[in-house]
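Look for subunit A in each of the two complexes below; its partner is subunit B in the first and subunit C in the second.
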Partner chain A sequence: MLSTLVHIIRDIRAFFEGDGWAVLVTVALLLSVLFWTICLIGIAFFYYRDYRYRNVYSRIYPALRDFIYEQILVNNKASHFPVDKLGLDLHNKLVGNVVRHIIHEFIFTVGGEKGQSLRRLFNELGFDKEAQYEIRHSAANMVTTVGSLANLALMKVPIQEKILDQLLKSPQVEIRVAASKYLLQVEGEQAFDRVFEGLIGISQLQALDIFQTVVQGDYYGNYMFSQWLNVSKSFAVNSLFMDLMVYYQELNEAGLWALITANKESKTALKAINSLGKLLAKDSEERLQDLYTEESSLAAKLEILKALGRVGQGKSNDFLNRLFMDSNLPLSLRKHAYRSLVAQRPYSIPLLRKIDEQVDRVESKLIRYVNHPMVHYI
Partner chain B sequence: MTHFISSVEFVFGLYCLLLLVVYVMLFRMSWLSIRRNLQKHSSRHVQTLMESEIAPGVSIVAPAYNESVTIVNNVRSLMTLFYPRYEVVIVNDGSKDDTLAKLIKEFDLVAVDFLVDYLVPCKEIKAIYKSRDISHKHLTVVDKINGGSKADAVNAGINVAAFPYILNTDVDCVLANDTLVYLMEAVLDAKERVIAVGATLRMSNSSYVDSGMLVEAALPKPILARFQEMEYIRSYLLGKMGWNYLNCIPNVSGGLGLFDKEILIMAGGYDPKSLGEDMEMVTRMCMKMCDNNEKYEVKYIPQTLCWTEGPDSLKMLTRQRIRWARGLMQIMRTHRRAFFNPSYKRFGLVVFPYNAIFEFFAPVMEILGIFFYIYLILTNGINWQMAILLLIFVYAFSVFLTSFSILLDNYVYKYYKRREDIVRLCLTVFLEPFIYHPIIVYSSIKGYIQELFGKKHAWGEMKRKGTLTALSPNGTKK
Partner chain C sequence: MWDKKKRILVVEDNEILLGTMQFVLLREGYDLLLAKSGKEALTLVSDESIDLVITDLALPFANGFEIIDRIRKSNTNNQVPVIIISGYHDDNSIVEGFEVGANDYMKKPISPTELISRVRLRIGHA
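After this line comes the complex of A and B, so read on.
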């Protein structure tokens, strides 16, 4: 073994002592020229692909637009469209992509019954079957699977339970999220338990995406989103449920306090404090004051002050006044304390009058700032 | 003497070999990084963030100094971005012309009682203006005493900003409508806390704009601006996207960068004395995160979101590059404790050493290499066959790398719709090593010498030529 190694090292040395360097540099040079040629071919390919797409698009768009106007918007046809009249070769991948793109644009702008008709046209052109095929056979290709799921959700086409189950358990989070969104769009409230149970490893952006899907649906019931709050879950997941709780005004103080006490410095705790305020958790007012005295981070203190302002029961007037008058505190805390006092009107009116009489120059500037109608306060 | 020459040869050889390895790595990583970004992006519905009621807010901070000619259109352009929650903070940095007067007149501004919390240091803010017109409620104009640097003006904007994210840009930059959507997607899709995000910038010198909005991108006609366009494409798509793969991005450009305000303030804001304030800021933010033992990410996205007017005269270009070189030297000196310091993790072990060895020292090594070459020629100690072969290889490799960047650019999006623009850009690649690169090396060396001898830097004024070609209402070029 050792002798083989020594032999190899000797060979390498001999190679470089001879014409080795020249050979190596020549090979590197040839490789550079080869790769450069490949780059040029690649640039030409991308240019040509874009050029072809634009050409096909400009050819198909007028015909398809006129067809949609004539059949759906003028003749009010709801199904059995004469798609042969279009004369499109939908087996051609490029033509298929362009047609899909154009119909999507129409579906996003046309709603109601006409939108339903457009969905049927989409299905009659065979795109539903194509998407069904793709989710079964392109599981490894994330982009295709996600795109197909989005198409099927848009057209409200049912998917086999077994396939859907596989997609919901996919190792790729993008596919899981797309399958969840599909379920929410097609099944609505019935899918809540199934979707929320499997939400693991999602990013904040994906949480936001799911939130949008839920609120854009036709659900307006009294589902308990707070049952899914859990201290062991990630910020993105808990944040999604807190946003849904705020949107549907579902107050669960115990659940939110569990998140706050589990980790006082985390983003989750800050969001939970914020949610308490937005949900007008009146029973939490005193507890929030206690938390303020325990908390060390400025961000948490600011969130507590904002929440107290939103709850607005007048129980924290003295507390807020004390903070506002404390010139040793950071300006941002004093500003929010006063803002919250203003928000507690009418309970705080006598106190606000008293403050107006005794404040100094800096405080009066702060008051003017908070009360100024043109200073957008966020 | 022979031993000495061999040692010098070895040092240069090793340096070049390491640089070659780094470039080959970047070649691979940039491809992977861009592919991953495009895949992720195409798996999302773009409208989601645009329509979201719960999207995090962004404050756009844009300093303006003597921008009277273009200020109104530029502010209008910033006000038309697609994002549900944002504000525009224009900082009039003591302009001597009628920049402020034009803003007041055009946007119906009035001074308001705004109490500024000076969280990061800046020169005194004289007044803050808001618009009486409800359609401009997102606009805030800050009038301050000139601080002598962009950093000071941005700090003033940070002190006034209301939202948790700051987008730092120049008021003369033309931003894509969906800039904030792309940048915030990168923030919200990350595993760790994202402290800064950047995107590709390119030259706007010959592009077509209408009311401050880009209508069609075109390759700059002036040759210097065209070289810069090529340099930007290579630097962003090959360099920054490559390092993005390892979460080792050294800098987020001052032309377009989104920052986490909390960390920005925690790190002390921009340094008004620094000549490379954007890189210095990112360096300090990274070091602060390491000091606090917090995980973080600095991200880049490949899409071009910002078009800026590049210097098209040799004098202005060299002045800009001298400033950048001096800024880099200041950073190397000020933050030298990060050099191979394991407590700064990947920043101390990869980002900073790479910058020091392959960015800061590169022009020095090139100049020394040329002197060494001359010495070898004079002493007849050169193997001409090998030397010529090596030169051809280095040239071919540089042409390949830049062409690869253009390929990546076309892979991301076809910004140039005209075939001639792509062909011209591909041809410019061949000239760069002979014309543009020597200018950059000269400017860097001059910058280092000026910094070493403590010469006072004169900022000078970047004269806006308004080279952005406007379109008339019927779409024809004016």
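After this line comes the complex of A and C, so read on.
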């Protein structure tokens, strides 16, 4: 073993004592030239692609814009557009992308009946069929499938039930989320049960995406989002339903307490405590105080104090006062206890006056900090 | 005696929406002043006589709220009706829009027919 090592070291030394350096420098130079050449080719390719896109865009945009103005805004056409007049080669991928992009931009800015006509124009140009074709081959390219689903949702084009079902059960979570968003955009409230039932394995970002899709729709009803809360579900899924509950002010204290008691120090429990506060769960005020004494984690204690401040029924004033006056507690807890007392005004006004009279220098500094207008509260 | 055409200032940075509004309003016979930024709009507000302002909220250099605020404080056009056209659909933006002095608020995507009706409601036919 040792002799092999000695042998290797001798070989390396011999290499550098001979022509080794020259060879090494030549190889390094060649690699460097190769690297920069590849970089330059990449940059040139990027600029060329961009240049071609802009070139085609500037050629197509005026023609397509005038066509839309003439057919939709002047002639009030709603379907059967003379698309042959445009003379566009839509089989050319670049031309197709540019036309799709321009019509998207129009749909995002022009609404009402004219917006519906634009959607029909999009379909009559054959983009809906293209998107339908792409979603049937979902395994081939996930990004294309997600893009096609977004297109179909924007144009409100129906998808065959069988295909939609396959997409909702896809092994790729991105496709499942895109299909869920499609359903929510096209069917609205009707799709809630079907979408929420199949939400498994989504990330927090995807949960946020679904939340945005729901709240941007026209839904204003009284759907029970809390029925989907479950201790066995992931944080992202439960968090989505809690966000929806808060947004639509659906208070279900039992459902939230089930999450809190299942795993007191989990992120889900913290979010549930937060939601209780935001939903002004007045019946939970005493229970939150009990939970504070049972809890050991600082994060949970802080959430409880914030929630008590938001609930603001005045029942926890003495409890919060005790915490604020306890100099053995961490400063963050005392600060939040005082903030929550302030938030419970007018119930807490006599207590706040009393506190002002008896506080020492440290506490007075804390009060000044909390009351400062630049300090954001909750 | 010829009636002077009603003049509308349209402030919008989105080329497509600006073009569409320009097309439909010109067809209705209104005289238009176009601005793609808050700065351009503020210059036009102080220099020109205007009958109506249609403005977006998210604009480069000065946003829609600032434009309305400057209009209300200007000497020449402080009584001019203002219609906001915005992609912000939240209550806060709508309330703030009315608080700074807007007369109407339209959410994007806008219906051209509805836009014309609202313009006619404010300043009548061209």
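The working rule: the second predicted complex is superposed on the first by the 317 of 378 C-alpha atoms of A that agree within 3 Å, B and C clash if a C-alpha of one lies under 4 Å from a C-alpha of the other, contacts with A are read in each partner's own complex, and residues count from 1 in each chain.
In this text, a contact is a pair of C-beta atoms (placed from the backbone, for glycine too) under 8 Å apart; a residue touches a chain by one contact, two chains touch by 3 or more.
Since we're looking at a predicted model, the values are computed, not measured.
S.K.: Let me test your reading of the model: by the given contact rule, A:G115 touches which partner, first (subunit B), second (subunit C), both or neither?
M.R.: second
S.K.: Looking at the overlay, does A:L73 come into contact with subunit B only (first), subunit C only (second), both, or neither?
M.R.: After superposition on chain A, A:L73 lies in contact with subunit C alone.
S.K.: Between subunit B and subunit C, whom does A:I107 touch in the aligned arrangement: first, second, both, or neither?
M.R.: Second partner only, subunit C.
S.K.: Would you check which partner chain A:P346 touches, where first means subunit B only, second means subunit C only, and both and neither mean what they say?
M.R.: A:P346 sits against neither subunit B nor subunit C.
S.K.: Decide which partner touches more residues of subunit A, taking subunit B and subunit C as the two options.
M.R.: Of subunit B and subunit C, the partner in contact with more residues of subunit A is B.
S.K.: Look at A:V25 in the shared chain and tell me whether it touches subunit B only, subunit C only, both, or neither; answer first, second, both or neither.
M.R.: In the superposition, A:V25 touches subunit B alone.
S.K.: Is A:R65 touching the first partner subunit B, the second partner subunit C, both, or neither of them?
M.R.: In the superposition, A:R65 contacts subunit C only.
S.K.: Which bits of subunit C are touching subunit A when the two form their complex?
M.R.: 14, 16-17, 19-20, 23-24, 27, 89, 108-114
S.K.: Of all residues in subunit B, which touch subunit A in the complex?
M.R.: Interface residues on subunit B, with respect to subunit A: 39-40, 42-45, 48-49, 51-52, 54-55, 57, 87, 110, 112-115, 117, 130-132, 137-138, 162-163, 185, 188-191, 262, 385-386, 389-390, 392-393, 396-397, 399-400, 403-404, 406-407, 410-411, 414, 419, 422, 426.
S.K.: Which stretch or stretches of subunit A touch subunit B in the complex?
M.R.: 21-22, 25-26, 28-29, 32-33, 35-36, 39-40, 42-43, 46-47, 50, 142-143, 146-147, 150, 174, 178, 203-206, 208-209, 211-212, 243, 299, 330-332, 335, 365-366, 368-369, 372, 374-376, 378
S.K.: Which residues of subunit A touch subunit C in their complex?
M.R.: Residue positions touching the partner: 65, 69, 73-74, 102, 105-115, 216.
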